[in-house]
Amino acid sequence: MPAVWDAAARASSGKVRPMSYQDLLDEIAREVRPYFGKGAVAGYIPALRRVPVTKFGMSLCTVTGAVYSVGDAEEPFSIQSISKLFTLMLAMSMVGDEIWTRVGKEPSGTPFNSLVQLEHEAGVPRNPFINAGALVVLDCVMTHAKDVKSTIRDYARVLSQNFSIDANPRVLRSERKSGFRNAALAYLLKSHGTIAGNVPRLLDAYCHQCALEMSCLDLSRALLALANRGLSPVMGEAVLTAGQAKRVNSLMLTCGMYDSVGSFAYRVGLPAKSGVGGGIVAVMPGEFTITVWSPELDRSGNSLVGVQALQLFTQMTGISVF
Amino acid sequence: MPAVWDAAARASSGKVRPMSYQDLLDEIAREVRPYFGKGAVAGYIPALRRVPVTKFGMSLCTVTGAVYSVGDAEEPFSIQSISKLFTLMLAMSMVGDEIWTRVGKEPSGTPFNSLVQLEHEAGVPRNPFINAGALVVLDCVMTHAKDVKSTIRDYARVLSQNFSIDANPRVLRSERKSGFRNAALAYLLKSHGTIAGNVPRLLDAYCHQCALEMSCLDLSRALLALANRGLSPVMGEAVLTAGQAKRVNSLMLTCGMYDSVGSFAYRVGLPAKSGVGGGIVAVMPGEFTITVWSPELDRSGNSLVGVQALQLFTQMTGISVF
Amino acid sequence: MPAVWDAAARASSGKVRPMSYQDLLDEIAREVRPYFGKGAVAGYIPALRRVPVTKFGMSLCTVTGAVYSVGDAEEPFSIQSISKLFTLMLAMSMVGDEIWTRVGKEPSGTPFNSLVQLEHEAGVPRNPFINAGALVVLDCVMTHAKDVKSTIRDYARVLSQNFSIDANPRVLRSERKSGFRNAALAYLLKSHGTIAGNVPRLLDAYCHQCALEMSCLDLSRALLALANRGLSPVMGEAVLTAGQAKRVNSLMLTCGMYDSVGSFAYRVGLPAKSGVGGGIVAVMPGEFTITVWSPELDRSGNSLVGVQALQLFTQMTGISVF
Amino acid sequence: MPAVWDAAARASSGKVRPMSYQDLLDEIAREVRPYFGKGAVAGYIPALRRVPVTKFGMSLCTVTGAVYSVGDAEEPFSIQSISKLFTLMLAMSMVGDEIWTRVGKEPSGTPFNSLVQLEHEAGVPRNPFINAGALVVLDCVMTHAKDVKSTIRDYARVLSQNFSIDANPRVLRSERKSGFRNAALAYLLKSHGTIAGNVPRLLDAYCHQCALEMSCLDLSRALLALANRGLSPVMGEAVLTAGQAKRVNSLMLTCGMYDSVGSFAYRVGLPAKSGVGGGIVAVMPGEFTITVWSPELDRSGNSLVGVQALQLFTQMTGISVF
C-alpha cells in the first residue's frame, strides 16, 4: 500500500484520510458524479460530439511500477493537444536545445491560438503548447523524419508499449474540415519564415497527431519518464535527459492548461497538459503520472470533471509540488 | 548536517556532491564571482544606482529552524516588488478569497506593467504581481487599514521579527519622482472602478512599500510560512491557511519573475518573487525559504547573479519542485 | 440668395430643390424632429445631463460674410472636444510644424481615448484629436503661454469676436471629478517624456478648455478661417497660413469624428469636428462653415440629430468635398 | 486651355502660375527628377524588381473628355492594390449596400495587412482597402460571378475601353509563391465565417487581380466615373450611383493610402488609391482623375515620386478637396 503522503497529510490536517491509491481513485470516481452535465463537449470538432458525456476514467502509474485505475481507464479517446507533449519530447530528443531558437518558453497570457502575439513577436510563438508553437515544433520533427505522421504515432506506441495506438479516421476528417484557424496560424508562421516545411503537409500531420487515440493507462505509462528524470520505467531506458524532463514539467506547469494555468496550479498544483478530447495528464515529479478522462469541458477548454477529479486527488492526499 | 537531497542526488547523478547547506552557500558565493559586471543596476530609480554592484548575500532558513547565510546576507536592501508578496498575504488574511474578484490569477504574458491588458480586460489586472495587480491589492489593504503604510511595514516587521525594518527615505523620494507609469496605471484602474481609494494616497503607499529595506535573512525568515503550509515557525502561529500558502506559491511560480517565468521555472524550478533592488526570495514547499541579493539585473529585470546562484543551488542539490 | 450649388444639384438629380440657405436650415430643423429621443446624452459628465435634449440649433457663415441660423443657434453649449481645434490652431500658430514631432497625423482606428496605441507607439499619439494627442498639443501651448487657460479662452473669444465666452463652472467641476482616464493618459505620456509640463496643471487646463461654452454662431464665426485659406473674414487677418488651414481640414476629415470618420465622410462628406456636448462644426473649403448642436449622442459619441442634419444638408444641396 | 483653378490660385497666392494642364504635367515631370533613387522597389514580389526604377508617367482625364499625358503614361504596369478599387466597384454594383455587412468603412490605424484587428473585431475587416477587406470583397464577387478572374479583368477592360488588359504571368507566379500572409488572412477570415468561398481559389483570384497590368491612361479613363457622380463619360453610362461614387471617394480619402492616409490628405488632398507597383490614381470630384506611376516606394509603400508629383500638382494649381 503506497501511502507516501501520510506523514505530510497527518501533519497538516486531521481530516485527510490515509488510504491506498486504489481506494482514492474509487472514492474520486464516486465524488465527481454530481459534476457531469455541467460542461460542454468541444463543439468545433463534430466527431468529438459523438462521445458519451458520462465517460470517466482515471489511471495512476508510479515510477516504481505500480498501476491503479478506475472507470473507463483503458478506453481510447482522442488525445488532441496532449499530443503536443509527444511532439515536443520527440523534437527535444532529435535536436536538443536548438528547438528553443524557434519557439519560446514563456506563458502566453492570451487564448491558446492567438495570432496577436505572433504578430507582435515577429512570428516566434510564446511556447510549444499554444497551437502556433506546436506547429513550429511539428515542423521541426517533420524536417528530421521521413514520415512524420507514423514517426509520432510510433513514438506514442513505444513510450506506452501499446502498438495498437492509431489516429481515428472520423476525427481526422473532422479536424481537416474545420482547421481554418490552424491554417491561418501556419501560413502566418510561414510568412515569418518560422516554418520550413510545406504548409498543407504540416497541417495534415497536425490533424493526425491530434486525432491519435490513447487510453488513460496508455498516457500514464507513456509519460512516466517525466516523473522519473527522463528515464522510462516502461521501456527501461532514458527518453529524455533529467534536465529535459524538468524542462517539460516546468513548461506544463506554466503553459499546459490553456488560459487556466494559474487557476489549475492552485487547485491542483501538478504539471499537467490537457486536450479538448477531455483528457488531462499530470505529473508528480519523483512519484507518479496520473491521467483522467471525461469529455465535457469548462470555459477554458479543460475537462470539467477531470480538473475536479485531480483537485480532489491533491486535496485528499496533500500531494502537490507546492 | 541537513543533507535531505542526498538520496535523490545520488540516484540521478554521480557528480552531485553531498555537502551541508552551509558548504553549498559558500561554494555558490565563490562560483558566481565571474558573473559580476554582466548586468545593469535598475536605472529608473536613481537612488538604487548608489548601491555597490558587488554586493552579494544569500540566506536559507528551514522550516525546522536552521539558518545558513553567506556574504552580505544581513545587509538591508530595497525589496521593491518583493513587497507585493507582503501586501498580497496581508490582503488574503484580511479579506480572504474576496481579493480574487478584483485581481486575476493567471500569467500575463506581457511586460510587467502593461496597460494593454488592462484595456482589453476591463480594468481587472491579470495577477497580483504585475504593477496594476499590486495596486489593486494595496487598495484593498488601504480600505481595511487605518494607516496603510505602517500596517504593511509592521506586517513585514512581525513576520521577520525584525522591528528596525523601515522605508529608505532617499529611495522613497526617488520613487515618487519617477512613478509616472504607476500613476497612469492607477488612474486607469480608477477609471474602471477597480480602485476604491484616493489615487495619490495609494501611489504614496505603493512607493513606501517598494522602498522598504530588508536583508536576505529578514526575507527568508518572514516568508517561511509559505514553505510551512501557512504556519510561521518564527512567530509560532498561522499567518495564512495551508490553501492560501499553496495559492501564493503557485502564483509565484506562474507569475513571480516578470517576463522570465518560464525560463526561471526551468533553470531553478522553485516558486519565487524578485524585485528590481536585486533581491529574489524562493520557496521549497515543506523544506525551506532561500533569499539571494545582488544588485545587477538581467534584461527581464531579475537579479542576474541571483538567478545564477539559485540555479547553481538547484543543480548542486537536485532540489526543485519538478 | 446664395444658391451656388444649383448647377451641380440640377446636373445630378431633378429632385434637388434650389432654395436659399435660410430656407434649407428651416427645412432641416423640421425634418430632424423625428430623430429626437433616439440617442443618449453623454453620461460620464454629470453636468451635461442637465441640458434639455430637445435643444437644436444650426448656424452657417459664408466666407463672403453672410450668416444663416435656425433654432437655438445663439445659445451657448459645452464645446468639449471641439476645443481641440482651438488648441491645435493655437499651437500651430505658436510653434509651426514643430508640433508634428510630438503628435502624429494619421487616423487612429481605435476608440478615441485608447491607451493601447500609445503603448505600442512609444508615447506618440496618432493625431491631435484623440485625447492623448490633444493633451500633447495643450502641453505645447502651456509651455508657450503664461496662463494657458485664459490664453485658450481668449483665442476663442477673438476668433469669434464674442468676448463673453467662458468655461461653465459646474461642467468644470464635473469634468475634474471624472477625468481619471485622461489622468491615466497624461501620466502615461509623461512617463514616455512626451509631456513637458506639470500633469495636474495640464489636466486642469484640459478640463477648462472642454468646459468652454460657445453657440453655433460663435463656432461658425470662429472657424471661418478654415474655409478661407487661413484668413479670418471676421477678424480681417490671417490666423493660419493656407497650408495650415488645409492641414486642419484634412485632419478633421480623417480624424475628427471619433470612430465614425469613414461613415461621416460618406454620409456628410465635409471636414468636421464633434464634441460630446452635442456640437459638430463642419467646413466647406472655399465656401462656408456650418455648426449644428443637439445634445443626444449616437454610439460613436457624435450628436445623433446633428449628423442627421448635416447629412440632410449635403443631400439637399449636393455640396460636399466628394 | 483648361485653367479652372486660376481664380482660386490668384486669390490665394501670387506665386501660382496659370498654365495649361499639359504644361503643368511637363513641368512636374521635370521637377520630380531629383527624387529618383530615393525610394525602394517593392521587394516581396520578385517580378516587380525587374521594372526600371526611372519609369515615370502621368495622365489626367477630365470629365469633359480632355486627356493630358506625360512620360510613360501609356506603358502598362502592375496595378496591385489599385485593383481593390475595381473589385469594390464591381461588388457594389452587384450587391449594393449588402457589402457593408461584411466589411467596415473606417480607417484601420494599423499596417495594411494586420491580423490583430481581425482578431479583435471578430473577423470583420475595417475597410475594403486593407488586404483582409479586399479578400472579403473579392469573395463577394466570386459568389456572384461564374469566372471571377475574367469577370474582374473584363470589368477593367470595359471601364477603360482597353481590351488588351491582362494579368502579367511572371508577376502572377511571383505573387502565388510569396502570398503566405494573404493565405493567413484568408484562412482567419474563413475561420470567422466571413469568407464563403474556397480559400485557394480566392487566393488565386486575388493574385490575378493584383497582377493585372494597366497604364496611367487606362486607369485615369477607367475611374473617371468616380469624378463624375458614377457616370462614366468613356462608356457613356452609369457604373455606380452618385451615392456609391461618393462612398468610394470618401473611402479612398480615409483609407486609400496604407499608413499615410493623413499625411497624403494634407500633402495632396485628393481621394486616391495606391499600389505597390508604384501607381497612384487620384480623383478630383466634379473635375478629373489623375494617375501617376513611378516604381520606387516610400516607407509606407506608396510611390515616392508619385506622391511628390501629385503634391506638386496640387501646390501649383491650388486644387484639392480642402
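Going in written order, the chains are labelled A, B, C and D, and every chain counts its residues from 1.
One rule holds for everything that comes next: a residue touches a chain if its C-beta (ideal position, glycine included) is under 8 Å from a C-beta of that chain, and two chains touch if they have at least 3 such contacts.
This is a predicted model, so every value here is computed, not measured.
Both chain A and chain D are touched by no common chain.
Chain B and chain C have Cα centroids separated by 50 Å. We define each chain's centre as the mean of its Cα atoms; on that basis chain A and chain C are separated by 57 Å.
Between chain A and chain B the centroid-to-centroid distance comes to 31 Å (mean Cα coordinates, whole Å). Chain contacts in this assembly form a single closed ring in which each chain touches exactly two others. Working note: touching chain pairs come out as A-B, A-D, B-C, C-D.
The part of chain D that touches chain C in the complex is made up of residues 8, 11-13, 104-110, 117, 126-127, 229, 242, 245-247, 249-251, 253-255, 259-263, 265-266, 269, 271, 285-286, 320-322.
Interface residues of chain C facing chain B in the complex, by the touch rule stated above, are 114-116, 118-120, 180-181, 183-188, 190-191, 199.
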